[in-house]
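The two complexes that follow have chain A in common; it is paired with chain B in the first and with chain C in the second.
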Partner chain A sequence: MSGPTVRSGDRGFRYTLVAPSIFVLLLIGVFPIVYLLMVSFQGLTMTDNDTSFQGLLNFRALLDDTRLWQSLMHTVFFTAIALPAELLLGLAMAQLFIDRMPGRQVFIALLVLPVVVAPIVSGATWSLMFDNRFGPINQILGWITGEEMAVLWTVKPHLVYPAILMAEIWQWTPFMFLLLLAALSGVDKSQLEAASIDGAGWWSTFFRIVLPAIWPVMAVAILIRGLDLFRLFDVVWALTKGGPGTMTETISIFTYVKGFQQFETSYTGAVALLIIVLLTVLLTVLLKRVSIAR
Partner chain B sequence: MKRSANLRLALRYLGALVLTVFFLFPIYWLFMISFKTADEIYAFPPVWWPETMQWDNYIVLFRDGDATTVLNSFIVAGASTVLAMFLGTICAYSIARFRTGGDNLANWILSQRMVPPVAVVFPIFLLYVWFGIVDTYLGLILLYTAFNLPYVIWMMRGYILDIPLALEESALVDGCSRWQVIWKVVFPMCRAGLFATAIFTFVFAWNDFIFALVLTRTEITTYTVQVTHYFGGQSNFWSKISAMSVLGTVPVFIVVGFMQRYLVRGISLGAVKG
Partner chain C sequence: MSDLKITKLDKYYGTNHVVKGIDLEIPAGEFTILVGQSGCGKSTLLRTIAGLETADGGSIEIGGERVNDLPPRDRDIAMVFQNYALYPYMKVRDNIAFGLRARRTPKAEIGPKVQRAAKMLAIEHLLDRYPRQLSGGQLQRVAIGRAVVRNARLYLFDEPLSNLDAQLRDEMRGEIKRLHQELGKTMIYVTHDQIEAMTMADRIVLLREGRIEQQGAPLELYERPATKYVAGFLGSPSMNFIPCTLSVAEDYGTVMLPDGVTLSLPPSRVAALAPFRDRSLLLGIRPEHLSRATGEHRRGLAEIEVITDLVQPTGSRTYATFRLGGVEAVAELQSHDVSQPGERLKLFADMNRAVLIDAATERVVGNG
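This part shows the complex of A and B:
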């Protein structure tokens, strides 16, 4: 074959194209991690400018920090409830809208709106909704129960979890719905018909045909949401700021408080590294089981 | 048979209606509060429909200059989108066509997207203090560019792989330089992809809170941070919370209305080819 080909790009050109992106990613993506590694072995706090080598001091402190592990547990707890709830609700919604019906597109267009609302705004919205006196939720509950309700949703220890989960599930169920709807419409119709001719029930059809077909998309959806829930910050910040006390503090809020309110520079570095390591381990394990559709 | 089909359809409509009410009601509530008077906001029991639509809550935001935070969001999100799209697309082109860096580079870039913001925002803040770019447009633009690059590269790589090689080859034969091939063939051929990816990039930066919280002070506060300034002790600021939120949310709704077609591919990181 003669003449220039696209693939035989000269080296200079191909590296020129990637260089700016790599530079930006190194600066904003890799520098911070190098810095974290450095600072977490030192003894910087708000009052102490100690840059001497402290060994594993900060990392040892991590182990004894019950507030840290509690915040991690809160994150896990929120994820363990919200993720399956969003998945199942989203799947049920996708089933409802999978067949043609007049006005279907309009419904879908409206239902996805929560996904693009800024999470901090959705948190603010729900704090207005949950207000004990001027919010509509207590009012509606009052109609149902027939007596005046003044539930302190964002204040009472055991009511804050439902409030946060509500906001979270409200915002992201449509995300699951949209992805699963797309996946369900890709399921081979002839296989479904064959199954129904063979007399297979709904459940066995679902587990044998539908689920394997939608799994690649479902896995990506779970992965994306899982990662987002791991960094849960905005909604909780708007609703409770991690309170009452530290009851709803997620790992992200904990890190923020340590770094920017208590200025525990070196310790925050250790916490941040812990988060990155945990996430990397988790992802490596998960990605071994699930290969992302490319 | 016909009757049961009708019943089924009716039930599905009922379900659809209930869901729509559930998912839209909070948005309705947020929007409606912004049109209420203070008396209506703090009325007990709550008022579901304001007596008269009045714009005072918005007028206050414009008068006090709070509304300029939406402009800040626009500048920062807009500029970082343009930058990320340009740098990301040429990078994606190199990776897609020349396999630059092989799978390792592509995977490393994708992994950059998975780093939790809160883990890196702290060192980035210190870096910015050092450079003196805290609370500047440059600082936030650079940051959102970096955080959107992995997404842009990942998405655009997929779109570029869909372009037939022959088109680019014939452009080369016709005497185009390599840059001209990108400019005259690649960009136009994946216009839809560019458009869709850009919108998601924009919305990400637009809706971000934590980076803007840490990296701005007073000069270039974005609207998400501004909304949280009204949280606090006395709940007198509900009118501002809602009006500010609406100002920031309406643009996104409009944009999303135009891009229904691309929504699925965009939010699934390309896993679903819409």
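This part shows the complex of A and C:
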């Protein structure tokens, strides 16, 4: 090692300097996980503060819990629809707004507004919008069809998913739009001109030149939104509370209900650990696939 | 037959009239250089020919077909950009092949064509690299390769050498000229560099403020400029411009400078210049047409005496700066003709080659 030689007293002083931050990191980062691990091997519930070691009891219960796996599937389903929809809509909007036009700045500012609304507020607003008797959505449908409409958006099994997805996509498409607009404006104009002279059509220009150029930004956007969707909660909670039944229950809602409504503390600990493991594996694989730094 | 015919072409950027009713016809196989200072509309003209800008008036015909409303891909052109504009996520090979693939060239033909273009430009060993792994000169070769691999009717170059250093620029100048001789294609080349224009062009089109100032073969423009602007633009160091008047008696003409120096004109030029006597004129004389006076007098050589202010040897030549007729002038002399400032020099001014310019219109007068 190069650098000035360190006397032992100096070294001690160095450790003293970093000690507080290490302590804070341990406290907020490592301690909860260790504690979580401990709790998940116990049998804590609201009525039972049994801290004895229960072995893999909770983890075995995970495997048989169909409600857990269904909620995970719901989350995956929401993500599988909302993420591509937000991406494609955002990309299409960005493509539309890339050209100079009068009032462009104002339009962009207005379009981005949904992102600054707190998700729980937008969920509550959509809940009002979807109200079967007083909601504007049914009213507008009524004007169009000419008869009274009382569609039960947040109750009917075949309508809850469209309703939630609509709210979700409405709120987060602008996020994609904004990032992709920035990425698109960074694409070298002369490359596009060269391609147009070379005779490339719109699609091959897009896939061979534009997409590789915006991919780093796009990958990050997908990653951020993907993780957001994995912990999807607010909008669903405001609209359906996971219902009807547990039909729209996401993994976040399931964990919340188990932990803070039914107080199955130790079991919830096991669920949380499962989520941590799943996310870690998923992220590792994704980050490896998405070679962001090219 | 002409490959490109432009008629009354107009182009505006907002309210800014950039190209002002240009008429231009370029014969097949010619190497034409559009030259002028920045902002003269040369790049805009080229981009309008390419279809990257839309014309606001007039017509553009390529190979006899009006292309105003055709997109760039249908104009049968290839183009080399100033900043290379290579596709960064493709290998050199794919960069060159991109246009062929986009035009659905049979697969079996693409390989050999790319190979041939690469060989022509000596970039065969770079085919499997990415643009970011290449130097500026190599990038420009690839960009040229991407253009010449396609069998286009018209090849457009937009200041392709201006991002290269001086030595590489000299090398590529020769390379592009050789390429033109090999391919025999019609090429239009934009530059602000008068040396590029002089050395490479079959024909120079000199633009100024959106209009064609003069066009013709390089030496024609150099030796018989139509205006003061053309005379001053071509040549380095620039032509000297000295205020003067002309007096003519019989077949004997004299140019008089403000400081009393007189230079007699060769008799052959007097008749043509006679109508401009007693007008306010400028004497335009190139530095290389001022030489150290020798004992023998030849016809058309006028002797002047000057005191040098500044001596700049370049090795092969020495530039001497002095005051003549109240303005600063430069003579291009033999290396050892002058050694230090303050030296008194006798020079011959070659009045056969000098031009006289009407100070009011800035047009060269009496030139045939």
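Just so we're on the same page, the second predicted complex is superposed on the first by the 265 of 294 C-alpha atoms of A that agree within 3 Å, B and C clash if a C-alpha of one lies under 4 Å from a C-alpha of the other, contacts with A are read in each partner's own complex, and residues count from 1 in each chain.
FYI, contacts are C-beta pairs under 8 Å (C-beta built on N, C-alpha and C of every residue); 3 or more make two chains touch, one makes a residue touch a chain.
Just so you know, these numbers come straight off a predicted model, no measurement behind them.
Partners chain B and chain C, once the complexes are superposed on chain A, both fit on it without clashing. Considering which of chain B and chain C touches more of chain A, the answer is B. Shared-chain residue A:209: touches chain C; no touch with chain B. Once the two complexes are overlaid on the shared chain, A:260 sits against chain B while remaining clear of chain C. Of the two partner chains placed around the shared chain by superposition, chain C is the only one that A:201 touches, whereas chain B remains out of contact. On the chain A superposition, the C-alpha centres give an angle at chain A of 80° between chain B and chain C, rounded to a multiple of 10. Of the two partner chains placed around the shared chain by superposition, chain B is the only one that A:28 touches, whereas chain C remains out of contact. Taking the two complexes aligned on chain A, the least Cα distance separating chain B from chain C is 7 Å.
On chain A, the patch touched by chain B and the patch touched by chain C do not overlap at any residue. Residues of chain A that touch chain B in their complex: 3-7, 9, 13-15, 17-18, 20-22, 24-25, 27-29, 31-33, 35-36, 39, 93, 96-97, 99, 101, 105, 107-122, 124-129, 131, 133-136, 139, 142, 170, 173-175, 178-179, 182-183, 216-217, 220-221, 224, 227, 230-231, 233-234, 237-238, 251-252, 255-256, 259-260, 265, 268-269, 272-273, 275-276, 279, 283, 292-294. Per the touch definition, chain B reaches chain A in the complex via residues 9, 12-13, 15-16, 19-20, 22-27, 29-30, 33, 41-46, 48, 87-88, 90-91, 93-95, 97-98, 100-101, 105, 109, 111-112, 114-120, 122-127, 142-143, 145-147, 149-150, 153, 158, 165, 168-169, 172-173, 178, 181, 203, 206-210, 214, 224, 227-228, 231, 235, 238, 241-242, 245, 248-249, 252-253, 256-257, 260, 263-264, 267-269, 271-272, 274.
Taken in their complex, chain C has these residues touching chain A: 50-52, 71-73, 77-79, 81-83, 85-90, 98-99, 102-103, 146, 150. Residue ranges on chain A touching chain C, taken from their complex, read 188, 190-191, 193-201, 204, 208-209, 212-213.
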